[in-house]
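Please go over the structures that come below.
Next come two complexes, and both contain subunit A; in the first it sits with subunit B, in the second with subunit C.
Showing the complex of A and B:
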C-alpha cells in the first residue's frame, strides 16, 4: 500500500506521523509505505506571524526543519507536485519525478491573494507572510499617530485573526503611550463584527471599551493607494494612514491548474474527508472546500480522522470515523489575556471569560505545537 | 447565467453569509445562488447584505429546518 501525502504543513505532517505509528508493523514488513512531498524543507508555525508583527517573536522562532518533525519511517522529499493524475493514480513533481500511489492525501494549504483586489498589494500591509509581518512591525514602530484601518477579505484563513489584531494594536500603542493618537477603524464583511455570533456579542463592548470604531457590511472593492482610501462594494469608503488587510485567500495554483477545484478549493465530503467522487484521495486542512474555518486546529482534527481511517481500511477494510466539524481556537484578547472557542457542525461555540492563564496556555501551546504535529499530543 | 448551490448547513465559522460572499465573488452577473443554511439568523443577515450591496433576493423558504435562500447577482 503506497500512501502519498502532498504537503508538509500542519495537516499533512499530522496525517503522516499518526499513520506511521498506526502502520509501524506494516511499514516494517513492507506492506505499507508512506511518502511525503512538500514545497519546503522548513515547517512554519503560522500563528507566530501575529507575534512577529508586534515584535514578540523573531522569524527563526517560527520554523523547524520539516524532516526533524517526521517519524523516521516516512520517506520525505522536497519536490513540489505540479501535476495530479487522479484517474491514473500518480503525481509528477517539479523535478519531473513520477510518484505512483494507492492512497493520496492532499494537504497543500492556502495562500493570500491580495491581487484579487485592485490596489491591495500596493496599498495595504498584512502579517500573513514572514516578509509582510516584519514590514508591518517596522511600520508600527514608526507610527506616531493617525488612522489605522483594518479590512478583511473573503475567504481567509484564521477567522479569529482580525479580532486578535485589534486587541494587539490596542495593547501595543497603549504600551508605547500613544494610544490616544491612534484611531483604529475595523471593517468586517458581514453585519456584525465577527462571523461567530458569540464572539461578535462578546467583542462589541470590548471594542467600545477600547475606543475602536467599526463598520460592518464592508467588503473591500478597491484600495486607492495614491490617496490612502479604501472602498467597499457596499459603496462606502475610509481614509487611512496605515491600512492592514487580512487578504482574501485561495488554494494552491497547482490545484486549480489540474482542475481539482475552483480557486484551489477541492470539493470534499464533510464527514469522510474524501475528495468528491473518489475513494482513494483524501483532502485535509485549508485546501478543502468545506464550510469549516481554515485553521490549524481544523486541519489537526481532520488529519486524525484521515489517519485513523486510512489505517483501518488497510487493517480491516472499512473506515471507522467521521469528521464532526470540530475546531478549537484560542483567541488572544491582548498581550496578557486570552479565551477560546470550540465548536463543531452541530454545536455552536460557547465563549468563556478571557483570562491570564488562558494566555499562558496559548504561550505554552506556541511551543507545544511542535509536539502536536509530531502526533504526540 | 446559471444556478449554483451553496451548502452552508451546520456551519458556525465561517458561516452562511461568508460562504455566500465567497461564492458570489466567482459568480457572473445574472447568476442565481441558492444558499442552504440551518442558522435561523441567515434569514435576516443575508437580505440585509443583499439589500445593501444591490443584489436581488429571489426567494426565501424554510423546509425541515433548512432555509433555502435564492439570490441573484446584480453587479
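Showing the complex of A and C:
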C-alpha cells in the first residue's frame, strides 16, 4: 500500500506521523510505505507570527527541520507536486519525478492573496509571513500615535486572528503608555464584529471596554496607499496612519491549475474527508472547502480521522470514524490573558472568562505544538 | 438525604482555615512568580522530554538493549566493564608510551588479555551477523 502525502504543514505532518505509528508493523514488513512531498525542508509554527509581530517571539522559534518532526519510517522529499493525475493515480513533482500511489492525502494549505484587493499589497501591513510580521513589529515600535485601521478580507485563515490582533494592539500600546494617543478602528465584512456569533457577542463589550471603534459590513474595495484611505464596497471609507490587513486567502496555485477545486479549495466530504467523487484521495486542513475554520486545530482533528481511517481500511477494509467539525481555538485577549473557543458542526462555541492560566496554557502549547505534530498530543 | 434548607454538618477549626489560607498563599505566590518565559521553558523541556521518551519506548532495538542491560549477568558485565575502564585508563596514564614495532606487537599479541579480547570480539561479531541475517530473512519472507 503506497500512501502519498502532499504537503508538510500541520495536517500533512500529523497524518504522516499518526499513520506511521498505526502502520509500524506493515511498514517494517514492507506491506505499507508512506511518502511525503513538501515544498520546504522547514516547518513553520504559523500561530507564532502574531507573537512575532508584537516582539513576543523571535523568528528562529517558529521553525523546525521538517525531517526532524517525522517518524524515521516516513520517506521525505523536498519536491513540490506540480501535476496531479488523479485518474491514473500518480503525481509529478517539480523535479519531474513521478510518484505512484494507492492512497493520496492532499495537505497543501492556503496562501494569502492581498493582490485580490487593489492597493492592499502596497498600502497595508500584515503578519502572515515572517518578513511582514517583522516589518509590522518595527512599524508598531515607531508608532507614536494616530489611527490604526484593521481590515479583514474573506475568506481568511484563523478566524480568531482579527480579534486577537485588536486585543494585542490594545495591550501593546497600554504597556508603552501611549494607548490614549492611538485610535484603533476595526472593520469587519459581515453585519457583526465576528463571523462566529458567540465570539461576536462576547467580543463586543470587550471592544467597548477597550475603546475600540468598529464598523461592520465593511468589505474592502481598495486601499488608496497614497492618501492613506481604505474604501469599502458599501461606499464608506476610513483614513488611517497605519493599516493592518487580514488579507483574503486562497488555496494553492497547483490545486487550481490541476482543476481540483475553485480558488484552490478542494470539494471535500465533511465527514469522511474524502475528495468528492473519490475513495482514494483525502483532503486535510486549509485545502478543503469545508465550512470550518482554516486553522491548525481543524487540520489536527481532521488529520487524526484521516490517519485512523486509512489505517483501518488497510487493516480491516473499512473506515471507522467521521469528522465532526471539531475546532479548538485559543484566543489571546491581551498579553497576559486568554480564553478559548471549542465548537463543531453541531455545537457553537461557549466562551469562558479570560484568565492568566489560560494564557499560560497557550504559551505552553506554543512549545507543545512540536509534540503535537509528531503525533503525540 | 439533605434538603435545600439544610446546611452541611461540617465544622472548620481555626487550624483548618489557617492551613487553607497557607495553601492559597502558596498558589498565589507561585502564580505571581510565574512568567511567560518560565512557562515557555518548562513546557519546551517537557515537550522535548515526552518526545524523547516516546521515541525510546517505541524503538525495538533500544528496548531490547534495555532488557539485556537489566539482566543480572549483564549487570555483572557492566560492573566489570566500568571497573576495567577505570583500571585500564589508570594503567595507560601511568605507563610510558609504547615504542611500537613488530616485536612489541608480538608481545602484546601473546598476552592472555589480548587473546581474551579477540575471543570476545569474535563471539560478539559472530552472533551479531547471525542475528542480522535472521532479521533480514524474516523481513523479506514477510513481504
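In this section, the second predicted complex is superposed on the first by the 377 of 377 C-alpha atoms of A that agree within 3 Å, B and C clash if a C-alpha of one lies under 4 Å from a C-alpha of the other, contacts with A are read in each partner's own complex, and residues count from 1 in each chain.
As a convention for this text, a contact is a pair of C-beta atoms (placed from the backbone, for glycine too) under 8 Å apart; a residue touches a chain by one contact, two chains touch by 3 or more.
Source: prediction; values computed, not measured.
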Subunit B and subunit C placed together on subunit A: clash or fit? fit
Next item on the list: Using the touch definition from the top, say if A:217 reaches subunit B (first), subunit C (second), both or neither.
Entry: first
Value for angle(subunit B, subunit A, subunit C) over C-alpha centres, in degrees, nearest 10, is 150
- Query: Touching A:262 in the superposition: subunit B (first), subunit C (second), both, neither?
  - Reply: first
Partner touching more residues of subunit A, subunit B vs subunit C, is chain B
Once the shared chain is lined up, is A:28 touching subunit B (first), subunit C (second), both, or neither of them?
second
Next on the checklist: Just checking: does A:376 make contact with subunit B only, subunit C only, both, or neither of them? Give me first, second, both or neither.
Outcome noted: second
Which partner chains sit in contact with A:293 here, subunit B, subunit C, both or neither? Use first/second/both/neither. first
Once both structures are superposed, the least CA distance from subunit B to subunit C in Å comes to 30
The answer for subunit B against subunit A in the complex is residues 7-8, 10-19, 21-22, 25-26, 41, 45, 48-49, 52-53
Within their complex, subunit A touches subunit B through residues 116, 154-155, 159, 189-191, 195-197, 217, 219, 233-234, 248, 262-263, 291-293, 325, 327, 341, 343, 345-346, 348-349
As the complex stands, subunit C meets subunit A at residues 31, 34, 36, 39-40, 42-44, 46-48, 50-51, 54, 58, 139, 142-143
Listed in rising order, the residues of subunit A that touch subunit C in the complex are 21, 24, 28-31, 56, 336, 356-357, 359-360, 363-368, 370-371, 374, 376
